[in-house]
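Each chain gets a letter, A, B, C, D, E and F, in the order it is written, and its residues are counted from 1.
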Amino acid sequence: MSENNNERDERLNGRKNDELRPIKITRDYLKWPEGSVLIEMGETKVIVTASVENSVPRFLRDSGKGWITAEYDMLPRATDRRRNRDRTRKIPGRSMEIQRLIGRGIRAAVDIDNLGEITIKIDADVIQADGGTRCASITGAFVAVYDALQMAVKKELIPSMPKYKILSAISVGIIKDVPKLDLCYIEDSNAEVDMNVIMDEDNKLVEVQGTSEGKNFSRAELNQLLDLAEKGNRELINYIKNLLAI
Amino acid sequence: MSENNNERDERLNGRKNDELRPIKITRDYLKWPEGSVLIEMGETKVIVTASVENSVPRFLRDSGKGWITAEYDMLPRATDRRRNRDRTRKIPGRSMEIQRLIGRGIRAAVDIDNLGEITIKIDADVIQADGGTRCASITGAFVAVYDALQMAVKKELIPSMPKYKILSAISVGIIKDVPKLDLCYIEDSNAEVDMNVIMDEDNKLVEVQGTSEGKNFSRAELNQLLDLAEKGNRELINYIKNLLAI
Amino acid sequence: MSENNNERDERLNGRKNDELRPIKITRDYLKWPEGSVLIEMGETKVIVTASVENSVPRFLRDSGKGWITAEYDMLPRATDRRRNRDRTRKIPGRSMEIQRLIGRGIRAAVDIDNLGEITIKIDADVIQADGGTRCASITGAFVAVYDALQMAVKKELIPSMPKYKILSAISVGIIKDVPKLDLCYIEDSNAEVDMNVIMDEDNKLVEVQGTSEGKNFSRAELNQLLDLAEKGNRELINYIKNLLAI
Amino acid sequence: MSENNNERDERLNGRKNDELRPIKITRDYLKWPEGSVLIEMGETKVIVTASVENSVPRFLRDSGKGWITAEYDMLPRATDRRRNRDRTRKIPGRSMEIQRLIGRGIRAAVDIDNLGEITIKIDADVIQADGGTRCASITGAFVAVYDALQMAVKKELIPSMPKYKILSAISVGIIKDVPKLDLCYIEDSNAEVDMNVIMDEDNKLVEVQGTSEGKNFSRAELNQLLDLAEKGNRELINYIKNLLAI
Amino acid sequence: MSENNNERDERLNGRKNDELRPIKITRDYLKWPEGSVLIEMGETKVIVTASVENSVPRFLRDSGKGWITAEYDMLPRATDRRRNRDRTRKIPGRSMEIQRLIGRGIRAAVDIDNLGEITIKIDADVIQADGGTRCASITGAFVAVYDALQMAVKKELIPSMPKYKILSAISVGIIKDVPKLDLCYIEDSNAEVDMNVIMDEDNKLVEVQGTSEGKNFSRAELNQLLDLAEKGNRELINYIKNLLAI
Amino acid sequence: MSENNNERDERLNGRKNDELRPIKITRDYLKWPEGSVLIEMGETKVIVTASVENSVPRFLRDSGKGWITAEYDMLPRATDRRRNRDRTRKIPGRSMEIQRLIGRGIRAAVDIDNLGEITIKIDADVIQADGGTRCASITGAFVAVYDALQMAVKKELIPSMPKYKILSAISVGIIKDVPKLDLCYIEDSNAEVDMNVIMDEDNKLVEVQGTSEGKNFSRAELNQLLDLAEKGNRELINYIKNLLAI
């Protein structure tokens, strides 16, 4: 990476340090799934689908409870260099972590205990990666799952819409000692601290994952990052509220 | 499937028996790959990318020859019901057959013996399936590979554009004794004979794969199907010529 | 391969271009299976067994229909150089294609819809390969399955012999512009076009798979190859009729 | 779990909410490894070894940098019910996450950029699990790696001890609205919020992973948990300082 | 290995040729399993657990018979050099052989035909290897299984203790023409003949596995080895009798 | 199995208790391998090939030593019921044990230390199983390897025939307290003790594997079994001497 003297103040495309990239969520993106979106955060593009299955995993049978689970993958050329497909290898640790995070996040958003015995399978497939794919997947998954639940009500698979909290996720990080919101790939590669935050519509935290990438961080820095993440998530949640008209 | 008395004469959307579905190929669909298209044949949608790697498989080292290979996969919800990802299972026989067919087809279109030691990796990922995905993948792959080769020339990975023949692929089949061109999913499910034909710009055959799906077929029927396929492939090749302005 | 000026006219062992290699099918080759043959086409030798199982795959349960499936493999030294066993690797694409072809072919020969709920498992194991192993496997499989069905009637697993069409398979190809029947390994390696044709006793086609191996081919050439294949398959079907006395 | 009216105030064995379980680290626990400990946190017991290899992964060759990586596993009966061994299945998501966390944590503790081209492989094998195994693995790993580095200096594999920060890890959680330090298994199963915190000897954070397990949490609650974790980690780091006499 | 002129007469630590290494079996070594021991034979240390499951494999259902099976593994640093975990590879031939041997041996010690439909799963995990790990695993497994059966009686999973024969296992070998009892790793590496013998409390043989490691052996030598093994096994069986007070 | 009062005295086909089944070894059974036999022991039939490769495993490079290794498999219908192919599953424990035994046995027969850097790969593929397949594989492997070594001399891959000892293998067992030689499948299923013995031309033992299958055995019984095995192996070694004219 070439040095940039003004990096403290300037970002690609003139974004401010506390500014999100342009967000766009296209609903009903595919023909077959019960819920499906294309979510774009800047140049990051993820297809997220939510499939309703009329059964639950063994550990929930006859419990009246539902389940939500997720898988995450990338097309081989979602990235700068072609990655081999996972299908011929064991599932990579990074993908595993991300899909567990997505599932955990969305289960925290929907009252699955009173859902009835259906399973929602989320598939997040990154078609173009430019940083923040896990957060975009979570935000997109909320919308896809919302639409799938509406469809499940319509098809009478469940009696009514379960309780839910809108949620979204955003990445934040510290680059050259400056906290920044919604890192793109090139920023993410240079971050000294990297954090992903999932937040709900009541400003409550669902997941906080902060990691030193070369510089251990103080409680004060942690708080700066959490402030930025709160701002970003509030904007995303407002976007979703408008989109879904709820 | 509900019966349709007029099926001999009518098709979904009023298509004629020798009529292709609407075709649309979007070039430069993704940011990172050397070549990438979204090909749409009716409701079938496939992202096809072509990645250039500056090396060849072991069996071609120091031969001066290049190589082209392909992988084919579907998103889990490309289909009516969610399919499990291949990554946790051995690669399915159907996908294996298709990706071998794509690779073989495109290698027959490009003069790889005089290409120089690069490898083109084709990735065909079906995001929405409605019949004919393997043929759409091949047709889309030709365009993606063409663009990738142009890029390779530009980046001076190869001295000049290799010789090539434009090619395309189309499916044909017999339904209730009537030969039809470019089957959609619901037609394909009811076909008695199913055939895929890859053809080049000189009307020469690259691959012919005809299969009885319940009714063995005569030489006369085979010829009817080949006539239809020739018509469809000619139209596709003309579309490509216009698109690439060659 | 050394050059052979007379290759247009002469073949190994003085065979004519439209002449099959010597064919020999030994029935009841093994002690345990319901049907088993050793099929020899020249130096190609394949053990084909047909095993009757008193159940069907899940998708056919309670349908009254039967099922036929196939697996294909080679001993490690069936070939000039030792190949690693498949058991320590994913199943190779070539084997996958061949076993799907065998299963599809034989299912087209037997009226499985009225068979009753049994499964016939075909195992084609090449012990010596010299070209045409997939076609020999199909031809041998027909005989092994016929014998297994007779045994199933005798053991009262099914009430009576189902309807069937005798079928066989043969390879044809173009070498230095000359179409030839029943290619041995060395011919196959030099073929410009390679085609496998499965035909039934009424001269109807069950499967046609023609592939350019370096030279795309015209409709006229395709027809020459189909003529040769028809001649070869007729001779094989006559051999089977005599062998089975049907 | 049976209800416990006093759960707000009392814990198993009369522990206070901000009290660690008894900690014991046995150095040189095994004969062969360069560093090896048995770490006991209450009834949780983990064997952690650190193996020195005189090479680095491909991406670090000729960089002069070293590498540290980790694997985590459990004996089948480390837990209440026998778990199948991972060796016959793909690596479970939970283990994957944990071993990535261990590796990342210890790499943040040691100046690997100036280490020289050696790799330290950490193996954390839980022989008895009673909550907090990932944190015990990290704390134990620091000691095992410290001993392995000392050994590497002694064997002249590296010129001198690299810079390092002592670190440790501890779990905290919220049970019935009460934040508690160092959860045992039965507490962990009932936690509404679960957090793991890795901290260095300067009270800087290396990793913060907080997760809602049924109740989303406020910034205030997050801060209470971080306070507890800081207290616990300070005690662990003091224990290590005494143990290593540094 | 350096030469040792006195090797015919002397062993490490002054052991005699017919002398066992110090044996120590710690019962109830772990908290969760029904039976668990740490067995130490000199520097070889194996954790052996026995888990009771209230079911049997399919082939024994409704037979009234029980089953005993075993798995064997090593920690990566149980040995001088770190071995990769089996979990990322197919199970190694050596481990497979050993765990089959353990299972077969213990099934010969316990009257599983009159046990009732429970399964005992033995897990032998070597934490430190210095020769004789398979024999230590078998001897330890007997004690762990004995304790698990006692527990199963206590928990009323089975009505009463089944009949059993105490058994143990020991290795013997020939080094520079001298037969020796209970080889440590360095002796085992130099053995010309290697034999493992499982014996029961009536001096009957359960398993004899003798292998030439460079020198084929006579019946006379075989008998010398069997004499040594009998002596060693008698001592081990006496140790177990004292330990279990039976 | 039906009871047979005379079982103590009579065997299938009137064989005596110390009598081998008819043995037949066909050399040069296949076209491509350097050595290949069909070995028949009664109804047991095994194709054994020996392939010469002009390299050695990594651990022997630049040592001047050669290597011999083996793989063992069965056709799916070698047995009464069809077994699934190993290729889609991990390698079964039984096959693993057998192929390790074959490799170890033949390495003890040939002076591989002075062989030169070639590898002989043995493939034993059972086409019909009726007891004693592992022993037949070893006996057949000796002949196949002998022929492959002769071929390697002829092709000047090695300067001269290495030293070797002829060896063979035979199974013995105790059925209703009566020791018997060369068990067929039905006898093997009823054996109380089962033993495989590999012996060389000097009557020295290469491998002894005796296993209780329900009745632990005395030293006296062991000796009776070894006497029978010696008789059987002597006859097999004489057969080989005549066959190879050595």
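For the reader, a short list of remarks on this structure follows.
One rule holds in what follows: a residue touches a chain if its C-beta (ideal position, glycine included) is under 8 Å from a C-beta of that chain, and two chains touch if they have at least 3 such contacts.
Everything quoted here is computed from the prediction, not taken from an experiment.
Fewest steps needed to get from chain A to chain D, stepping only to touching chains, is 1. Set against the Cα centre of chain B, the chain with the most distant centre is E.
One simple way to say how far apart two chains are is to compare their mean CA positions; for chain A and chain C this gives 52 Å.
Between the Cα centres of chain B and chain C there is a gap of 27 Å. Centroids built from CA atoms put chain E at 34 Å from chain D. The set of chain D residues that touch two or more partner chains comprises 88, 90-91.
Circular chain order, beginning with chain D and continuing to chain E, reads D, E, F, C, B, A (contacts as defined at the top). Interface of chain E with chain D (complex): residues 30-33, 36, 43, 47, 49, 51, 53, 71, 73, 75-80, 82, 85-89, 91, 121, 123, 125, 127-128, 130.
Chain C makes touch with chain B in their complex at residues 90-91, 93, 96-97, 99-100, 104, 108, 165, 195, 200, 202-212, 214, 216-219, 222, 226.
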